[in-house]
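I have placed the structure first, in the form of structure tokens, so that the comments after it can refer back to it.
To keep things simple, chains are lettered A, B, C, D and E as they appear, and every chain counts its residues starting from 1.
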């Protein structure tokens, strides 16, 4: 097997111990709870955090000898703001080109084009403090894209973007993927982003890789609570310890007494929360074994069962609605 | 402050006085103060040294002090308002030419100062020693300009001692104090300055102050000044 | 001079001039150390005049820093945070004493606070007190000379700390004073400490204004620099030993401070 | 003193001490103005010595600021951004010249660069050049005294500007030098300008080190403060007029600068 | 009619001219494209931006005389970070209590409780720079909640939060709403948040209120493209100019030729983009009249119609799937 385009074994004591690989053209969606180490991973790839690991990109080692950030050709959009406050939006975007020796006129022209592509061409002369949060985020993305990086690191890039722009950006990304053979690392808390844009998915938890695979695999067989919640599935350990069970909230039935009949999987518990959801209501149930389940039911059912937080209730689902798989497939 | 000066008790002197004296009087006045204190038990003499002009101005401003001794009559006049009596001249000093111990430029006298290889310094014209130096250079017909006009005579001497200048015009007492660090050349004409002393208006212990002035003017004083190279008025 | 950092080595264009600066500042110190007659060091340290001068210098320089902190910090805050007409003028006026030669500063203080001065005369008529030639006058002279350094440096720090956190504190219900104490000041602390060090150092070395305004009386107004100057007039070599004593004392204080306040960590 | 702001008025606990500070700094200036014999102002300004001294002061203080900027900015950057062993020591060494009384600074410079000094003697043997009594020596003396102020103030500004933007620039492919010029320096500009003003002012008022190291000769080494001191020895009143000339000249320069560099807008 | 709890007529030249009212207990969801003026609105309510308008809260005027931020009792969670960098998480949360005179021990205890409620109790002693983005966001929310404000201003508070925490926070908010009678202003780009949490919705566009109403009303009859996209509807002007038409992407049929039959609404156009979406594919169509439509179709349909960007296509929908309403209802 040939070496992958990106091969990273990253090690930051106490914060991250993870191996990530990707082929040219891959979009690696990194998901995980807050504090899982996603930003840490991205910063290691950019060369901003010292780590003791191995990193190979496009056949070249970036770890021995340690390559400086400026020599890595990465694009980086960070969580939070780091636009240069003393430069206009256009100068911010042109910065990376100028730093790489592109002449002023060309750099400005390309910066303007990139800003226009992201819908903020009219704001090119504003300073960051004169931009709204979402406008600033778009400028930051333009700044990362314009240098045509080999490795594009996006740490929650769609944060604060309005729906229209987020959609545009997805198209932008698709365009980039089609026309170049680098790797995109996309950190996100959004299931749709991870599933629709990612070609691989990496689930981080406590600094370790809890699961990898294609988005479809991961979504179908989540291995952690976090991913299950992310893709909107209930995840429980099988009673016989023989594996994991995943099933949709809509496949959960609530009843006041222990259900008999074909619903073979059942849990006694209490209603923990009620939220309107779509046309119905999403009900959180905490089972007597301490498991959290979600059930999507109709408003009529809520009224009929007199559900409110604290109401004792039985949750059950049919064996046929459940995907069953081993813990370490 | 009321307890500092007790004045006389049964003809006995006691208490402390402050004597403001020109910097060039440092060693001699320290010597005299020590002798004076030894002669009068319970008397203390605090000495303040600075440039004459500064001390005179401060005295005029009412700075605490009992006796003022300056290095020239001009600065003494600046303290005219604070003088309790006519100042009396108690010593004189005259200008000499000094060169570093090894005399690197081979200086022999004022004539050498016209040599372009000789770097020499004198006091700034506004300082007492500066006026005399200008006179000396004019008398000798020296045409080359000095390298620097030092703010006071000690700075001038220091340039020579430290070998930053090949020659300088200073007072005889300074040259003598520098000992082996300098070679001294007398000037063809004696150019002297006079040192006056006076009691100050603001004195709180006039008895001791007057006794100290008398001691400075006494033969014991004259001995100390002569040893340091001062002349007698 | 250089070390590993995730951002790469320091470029020669920066560290070479930095080295030049260090050499330029250090060589004269080394020369001074070499030229010091160390034999007399301990004896000089034992002289009551020297000990009095050193002690006075430490006390007055400390008092100066306190005075600067008490009135200079508020002034820096007002200049950095309050918009008012004439702010530019006030800032210029604060800068002016910086350019006064120290002796002139002393003359100005005499003209203002001397016994026949603008404020000094009424003060004397009212209370019988005169300021010149007292230890208080030394502190006043030092403060006059050091305050502008303090204010300019602290104002810069307050400005760069920014107002965003002031806003957050205001919304959380804090008064401006509470905000100042708990948010603004702690955030600008590195700058405030730097300003304090500047003021302290300026005070410790100040000589011209002190001699002119406060005089040069052992025990009450003769600070180390005045003593050094007095001795220098008489015996330059001896003056060097004294300078070395002042230097070592201040380096001691600085090292003590560095460890507590000025480490990179404290600035984070 | 106070004005409307969304965050409320300035509290008395801050603006009262600020007012005290302003009064304390301004009253001596006013007293100096009042005590100046203005009649002779124009005549004094016409004296060739005074004009030479003023011109020399302006030239040398400007040269000092340039020298500080050229070597002091890199040094401040190294201290703020590069971790290396002995950084604490270097920072302490840089602070030490601050506490030297000016005359001692002059003595130290002589010991290092005088014609029989540590470096001065070899320099003279090799090239025949000596530094004392030259205008270059004035600039060296001023730089020695002013550089620590500059470095400490600029280091503080660089620290508070933070490293986040340096990182962003590095990832965008900028070298450290490019980052320094285009990001770090512009962001710290208010602090750099403040440092420059401090250095310039310190240089303009410096007297002790200059006289001791460079000497005092009209046209080449007699700056305004030296001239003022020389005149003061003889005629304090006349010295005040000269001081006022220096003051007005520097206020003029400051106001010119304020408008171009030091307005609140430029700091944003 | 009695005066509402919150009555705001806000005016910031060039950035905002909007009137917002709310009753006690309301959650006002503010939505709108980037740069619409949402943050500006929130900052005016907090008293941080000078505006020339009128503001009454709970019967008291905050505009004449102008009330200082500290006298307003608002809680404010901002877009971006403004945690005090020199204080620990706990001290950050305790700050508002201390500023209002609560003694140190009580303040610390309440801060700890609040941090625990938000799941970051274990990080109480960390400084902000030692927290991940989401962790910091939770601390910021705790800091705003702990002072029990009358007006709670949340500017994109769920940004960067993982799914589990966002859910917890929704419960937290619900709890707050039940137990106090203030008003919450919630700025969000998330349709689910706006629809499930909001009791009123304010749509801002270019600094003006483009639409208000209950979330259900607004979602059913969006009046701007932005809201339509937000709630996932297509919005077109009726051909006769008599009103607006809204319909779901799943109700759109794509065909290679002009459809005949019952589909009375039809548009010729070109495929602009294709994104995987759930089990199917979301297809963007730009009509020849310049309108953007979205169609959700099956992967099979995409393959059959050989759809790719640029393919000419007809989009149509049945009259019965369309909601029709006047422009200014």
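As a convention for this text, a contact is a pair of C-beta atoms (placed from the backbone, for glycine too) under 8 Å apart; a residue touches a chain by one contact, two chains touch by 3 or more.
All figures in this text were calculated on a predicted structure; none of them were measured in a lab.
A.B. asks: Going by residue numbers, if over half of the contact pairs line up, that's a repeat, so tell me which of D-E, C-E or A-C repeats A-D.
C.D. replies: The pair repeating the interface of A-D is C-E.
A.B. asks: Between what two chains do the most C-beta pairs come into contact?
C.D. replies: Contact tally peaks for the chain pair C-D.
A.B. asks: Can you tell me which chain lies farthest from subunit E, using the average of the Cα atoms as each chain's centre?
C.D. replies: The chain lying farthest from subunit E is B.
A.B. asks: Please tell me the distance, in whole Å, between the geometric centres of subunit B and subunit E computed from their C-alpha atoms.
C.D. replies: The separation of the two C-alpha centroids amounts to 87 Å.
A.B. asks: State, to the nearest whole Å, the distance from the C-alpha centre of subunit A to the C-alpha centre of subunit C.
C.D. replies: 54
A.B. asks: Taking the mean of the CA coordinates per chain, how far is subunit D from subunit E in Å?
C.D. replies: Using C-alpha averages as centres, the distance is 54 Å.
A.B. asks: Would you pick out the residues of subunit E that each touch at least 2 other chains?
C.D. replies: Touching at least two other chains: 47-48, 68-70.
A.B. asks: Residues touching two or more other chains, restricted to subunit C: which are they?
C.D. replies: In subunit C, 6-8, 167, 170, 175, 232, 236 touch at least two other chains.
A.B. asks: Listing for subunit B: what residues touch at least two other chains?
C.D. replies: Touching at least two other chains: 152, 162.
A.B. asks: Let me make sure I understand the interfaces: which chain pairs count as touching?
C.D. replies: The complete list of chain pairs in contact reads A-C, A-D, A-E, B-C, B-D, C-D, C-E, D-E.
A.B. asks: Taking the touch rule as given, give the residues of subunit A at its contact with subunit C in the complex, in rising order.
C.D. replies: For subunit A paired with subunit C, touching residues are 47-50, 68-70.
A.B. asks: Where on subunit B is subunit C touching in the complex?
C.D. replies: 18, 23, 26-27, 46, 48-50, 54, 58, 61-64, 152, 154, 158, 161-162, 177
A.B. asks: Name, in rising order, each residue of subunit D that touches subunit A in their complex.
C.D. replies: Answer in residue numbers: 164-165, 167-175, 178, 182-183, 186-187, 189.
A.B. asks: For subunit D, which residues are in contact with subunit B within the complex?
C.D. replies: 110, 114-116, 132-133, 211-212, 214-218, 221-222, 226, 229-236
A.B. asks: Would you mind writing out the residues of subunit E in touch with subunit C in their complex?
C.D. replies: Contacts found on subunit E: 46-48, 68-70, 72-76, 78, 82, 84-86, 95-96, 98-100, 129, 143, 147.
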